[in-house]
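Same chain, two partners: chain A is paired with chain B first, then with chain C.
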Partner chain A sequence: MSHAIRADKFLLDADRTTWHDETLWFVREKRDRAAYGVPEFQELRELASGIKNHTLSRLDLYLQEFEAAAQANGVHVHWAADAAEHNAIILDIIQQQGATRIVKSKSMLTEECHLNPYLIKHGIEVVDTDLGERIIQFRDEPPSHIVLPAIHLKKEDVGDTFHTHLGTEKGESDPQRLTEAARQHLRGKFIAGEVAISGVNFAIAETGGVVVCTNEGNADLGVNLAAVHIACMGIEKIIPRLTDLGVFTRLLARSATGQPVTTYTSHFTKPVAGKEMHIVIVDNGRTQQLGRPDFRASLKCIRCGACMNTCPVYRRSGGHSYDFTVPGPIGAILSPNIDMKKHASLPFASTLCGSCTDVCPVKIDIHTQLYKWRQVLGEANEIPAAKKWSMKFMGRVLASTRVYGLGGQFARKALRLLPHGLTHAPSMNAWAVARELPEAPRQSFREWYAKQPQPATQLPNPKVPA
Partner chain B sequence: MSTASRDRILDAARANKPAELPLPTVPDFGGEATIERFTTVLAGIGGTVVRMSGLAELVPTLQQLFPEARATASPLFAASVPINAQTPTGILAAIDLAVLPGEIGVAENGAVWLPEANMMNRALPTITQHLALVLDQRRIVATMHQAYAQLPNTGGYGKFVAGPSKTADIEQSLVIGAHGARSLVVLLY
Partner chain C sequence: MKVALFVPCYIDQFYPQVGIATLQLLEKLGVQAHFPAQQTCCGQPLANSGCERDALPIYKHFVDTFSDYDYVVAPSGSCVYHVRKHFDKLDQTADVQHVRGAAYDLIDFISTVLKVESLPGAFPHKVGLHLSCHGQRGLHQANESEMTPVRDGQLSRLLRSLDGLELTQLNRNDECCGFGGTFCVSEAGISARMGQDRVADHVRNGTQVLTGSDMSCLMHLEGIVRRARLPIKVMHAAEILNGVVA
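For the complex of A and B:
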């Protein structure tokens, strides 16, 4: 199923689509205010991009430096080539503890690896503790945004969900009271948690520590109450030095939600005496992306979601229409690397307006990569036949002055003579499904121009001063 | 643990990485390291600054701010509940107010650096219902660059805390008091 077909479903509810669009644009506006408040914001983007580019160019060395430093801190370091290995490593750590109650803070990587269903299948209780993630976990839905996982839901939806799962009053939709109900419910889970799983925002090669950024404090609460902390990270989370965080912490929250910084910027470096800390370093297609010169810059992503909030297509089609862990423009350039066939329609879910590139805090050339993926998909024969042949046909027409002129004459006549039902038939003309063709003029500009009095063939010589 | 995967990942990264690019030097951008800026920004993210003329004012200030707090924890005065790294979760979960010394305040975002050595127990700053951080006003810096430049290291655990725990996960409505402390006061002296 293509992105366009899934987007159609989202668009069935026009009011909700408008609300979704406006809500995300509001977040984009908050981002702008936060960014304009920092005079050196553009320099910070350049620095962040430079630090990430440098890190990718020495990735193997920094990974080894990180591993050695983490091990010196008493941390167990694991390596997973793919999602299956990542999940197996985590299950093994949990089973060695004899644990069954897991609290998890937000991690897009564990979503990517489908860790939750895997653990549940093995009899482990996994509780997502980020409020948005808990809501969608109750509803058995994937996140629709990487920073705002439940942004596709209205407060009434959350009220219904909490009524079913937490016993809140029917019809309760006040965010304050719903959040309080979740706080009480999750406090119990935090206190009972035996193993805490977290994602990683930044992994510092120099110190071997990982940094986790949250607003709710759920990572800190989960990790510090459990006996074991498992932090899961993709290989691209590495940064070289502690001081590099000055750049990234100034960019991340401002780009994501327009906050000056997240409430908690937590540095987990060594386990407390008597407890364990594990770090799972995951590849799952990332080294392959590193080997694609046109697309490797996508590995610089710090998962702020700014490209989603600004994207006119994402805002009006919803995160679920992408059917990939990371939706929006960045997801559309990451997903074909994972499965080109399955995600072939995503690089086309864009107007190539470039707004994503403009807001990206690490200066990923997102819209250029979208365009390049289209070429790759075309070469690989992964675009629908109708699109492929109509593009080939238009390419021929636009390449020849004569064919273009004749085509124009034919189209103007046809549009006047043929019935509207035929020229706008959805089966014949997908473009006209939601659009009206213009009224055809009697003549083209070229025809009109040819009838005008011809200007002097040679322009008078300009007077050149002696 | 699979050393085969480790080697495979490192080999692939080595083979696929681009030619080496330089590591940029991050300048100190200067900025406004003032109490006023810190206070305004912290208020904007739901926290509060209370000025004290000295540490002697700490206890009376707290009594005024938190008259209801019964179970208190602090290394700075004789609080009601003794806490250390081994304190069981049940006791931690009953704390109303933790009062901890912060190390560095960041004017641009209202964050305060709280190292493990200052928090009595790693879980205390988030499990307490209310959190007060005591900060020497001379330790306010302008930006995160300056804050990190002052950190010798991050110890076993440490964090920047900027305001109370919050969420906007329900319809983007801001709610203060998600899972961590419901309020945050910075006591500046």
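For the complex of A and C:
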């Protein structure tokens, strides 16, 4: 199923589409105010981009430096080539503890690896402790945004969900009361948690420490109460030095939500005496992307979600229309690397307006990569046959002045003579579902120009005969 | 100065008045532009659809057509952006490099080559300016709301110089209209919704005349305006400027 088909389903509820668009536009405007407020914002972006480019250029070395430093801190470091290895490693750590109750803070990597269903299948209870994540976990839905996972839901939807799962009063939609219900519920889970799983925002090669940014403090609460902490990270999360971190923390929250900084920026470097800390470093297709020169820069992503908030398509189609762990423009350039056939429509779910590239705090050329993925998909025959053959036909027409001129005359004449109901039939003309076609003039510009008296001045001779 | 006029295929066929206004406006500004008759298209519709390879003969035809001119001026930033940015797929011969650098959007040409910042004349209407993404974010002809520091835009400066013209203050100054080339049919639902939202912003804030420097976005917005029978006139900026300059 293509993005367009899923988007059309989302669009059916016009009021909800308006609400979704306006909610995310509000976040985008907050981001603008935060960016305007920092005079050196563009320099920060340049710096962040440079640090990430540098790190990716010698990622192997930094990963080894990170591993050695983490091990020296008493941390267990694990390497996972793919999602299956990642999940198996985590299950093994849990089972060695004889644990069954897991608290997990936000991690797009564990979503990507489908860790939750895997652990549940093995008899482990996994509780997502981020509020948004917990809401969608109750509803058995994937996140629709990487920073705001439940942004597709209104407070009334949350009220219904909590009524079913937490026994709040039917029809309760007061955010304060709903949050309090979740707080009480999660408190019990935190206290009972035996192993805490977290994501990683930044992994510092120099110190071997990992940094987790949250607004709810749920990562800290989970990790500090449980006996074992497992931090899961993709290989691209590395930055070289602790002094590099400030560049990113200044950009991350401003780009994501317009906050100056996330409420909690937690550094986890070594286990507390008597406790264990594990770091799982995951590839899962990242080295393949690193090996694609045109798409390598996508690995600079720090998962702020700014490209989603600004994307006029995402805001009107919803995160689920992308059917990939990371939706929006960045998801559309990451997903074909994972499964080109399944995600073939995503690079086309864009007008190439370029706003994503302009908001990206690490200066990923997102819209250029979308364009380049389209070429890769075209060459791989992963575009609809009708499009492919009509483009081939168009290529012939537009490479020839004569055929183009005749074709244009014919099309305009047809448009003038055929009844409106036929030229604008929605089943035959997608343009006309919501739009009128331009009125076809009797004479094209070139026909008009040919009838004008030509200027007396000497004009250069065209190379190609007309 | 040898200046060629490039009239993009859809303007040639559907909006000849925009090509005529462009030619006449240039003439009034002292530039005699020539229209090489063998021109067709820049190839963007194919390339944006993932068929860059099929577009290469069109690119070559474009370069052959325009390589003898100092400037190639088009009333469409999108086509110009395509020539500048995506003709990198051709062997970079001297001709190819020259044509890529010589391609100018009309408003960019007036502003940066002719260095015209204001025009004499009156247009006493409330005008809504649609900033087209490829001209704005691609060719940097106007400020991008995402970026700092804030800059003035070429077309808004020219329009503001006209007597009696009031520019509409929009809620979203530079959101994409949703045309997007073949996106407008392959993602017809989202495309239409984006266009409807753009038009609604203009209606809400009192636009009488909707303009811009890229006819492709305006074709899409005009289609929505006409379907909804709204009292908004859609005109390319060349038509406004040519109409007021004596």
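The working rule: the second predicted complex is superposed on the first by the 448 of 466 C-alpha atoms of A that agree within 3 Å, B and C clash if a C-alpha of one lies under 4 Å from a C-alpha of the other, contacts with A are read in each partner's own complex, and residues count from 1 in each chain.
In this text, contacts are C-beta pairs under 8 Å (C-beta built on N, C-alpha and C of every residue); 3 or more make two chains touch, one makes a residue touch a chain.
What you are looking at is a predicted structure, and each value in this text was computed from that prediction instead of being measured.
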Joint occupancy of chain A by chain B and chain C, clash or fit: fit
Contacts of A:G246 with chain B and chain C, given as first, second, both or neither: first
Contacts of A:D140 with chain B and chain C, given as first, second, both or neither: neither
Partner chain(s) touched by A:A430 [first = chain B, second = chain C, both, neither]: second
Apex chain A: angle to the C-alpha centres of chain B and chain C, given in degrees as a multiple of 10: 120
First, second, both or neither for A:D15, with chain B first and chain C second: neither
Superposed arrangement (fit on chain A Cα atoms) - minimum chain B/chain C Cα distance in Å: 17
Footprint overlap on chain A, where chain B in one structure and chain C in the other make contact: 39
For the chain A and chain C complex, residues of the former touching the latter: 3-4, 7-8, 11, 17, 21, 25, 32, 35-36, 39, 41-42, 310, 312-313, 316-317, 347-355, 357-359, 371, 374-375, 377-379, 383-384, 387-388, 391-392, 394-395, 397-401, 404, 408, 411-412, 430-431, 433-441, 443-450, 455, 457, 459-466
Complex contact set, residues of chain B against chain A: 1-3, 5-6, 8-24, 26, 29, 41, 44-45, 85, 89-90, 92-93, 106, 108-111, 121-123, 125-127, 143-149, 151, 153-173, 175, 177-181
In the complex with chain A, residue positions of chain C that touch it: 2, 7, 9, 11-17, 19-20, 23, 32, 34-41, 43, 45-55, 57-58, 60-61, 64-65, 67-69, 86, 133-134, 137-138, 144-148, 150, 172, 175-176, 178-197, 219-220, 222-224, 226-227
Chain A - residues contacting chain B, complex: 23, 26-27, 38-40, 43, 46-47, 50-51, 53-54, 56-60, 63-64, 73, 76, 78-81, 85, 89, 129-132, 135, 148-151, 153-155, 158, 175-176, 178-180, 182-183, 186-187, 190-191, 207, 209, 215-218, 220-221, 224-225, 235, 240, 242-247, 249-250, 257, 259-273, 281, 283, 287-288, 290-291, 293, 296
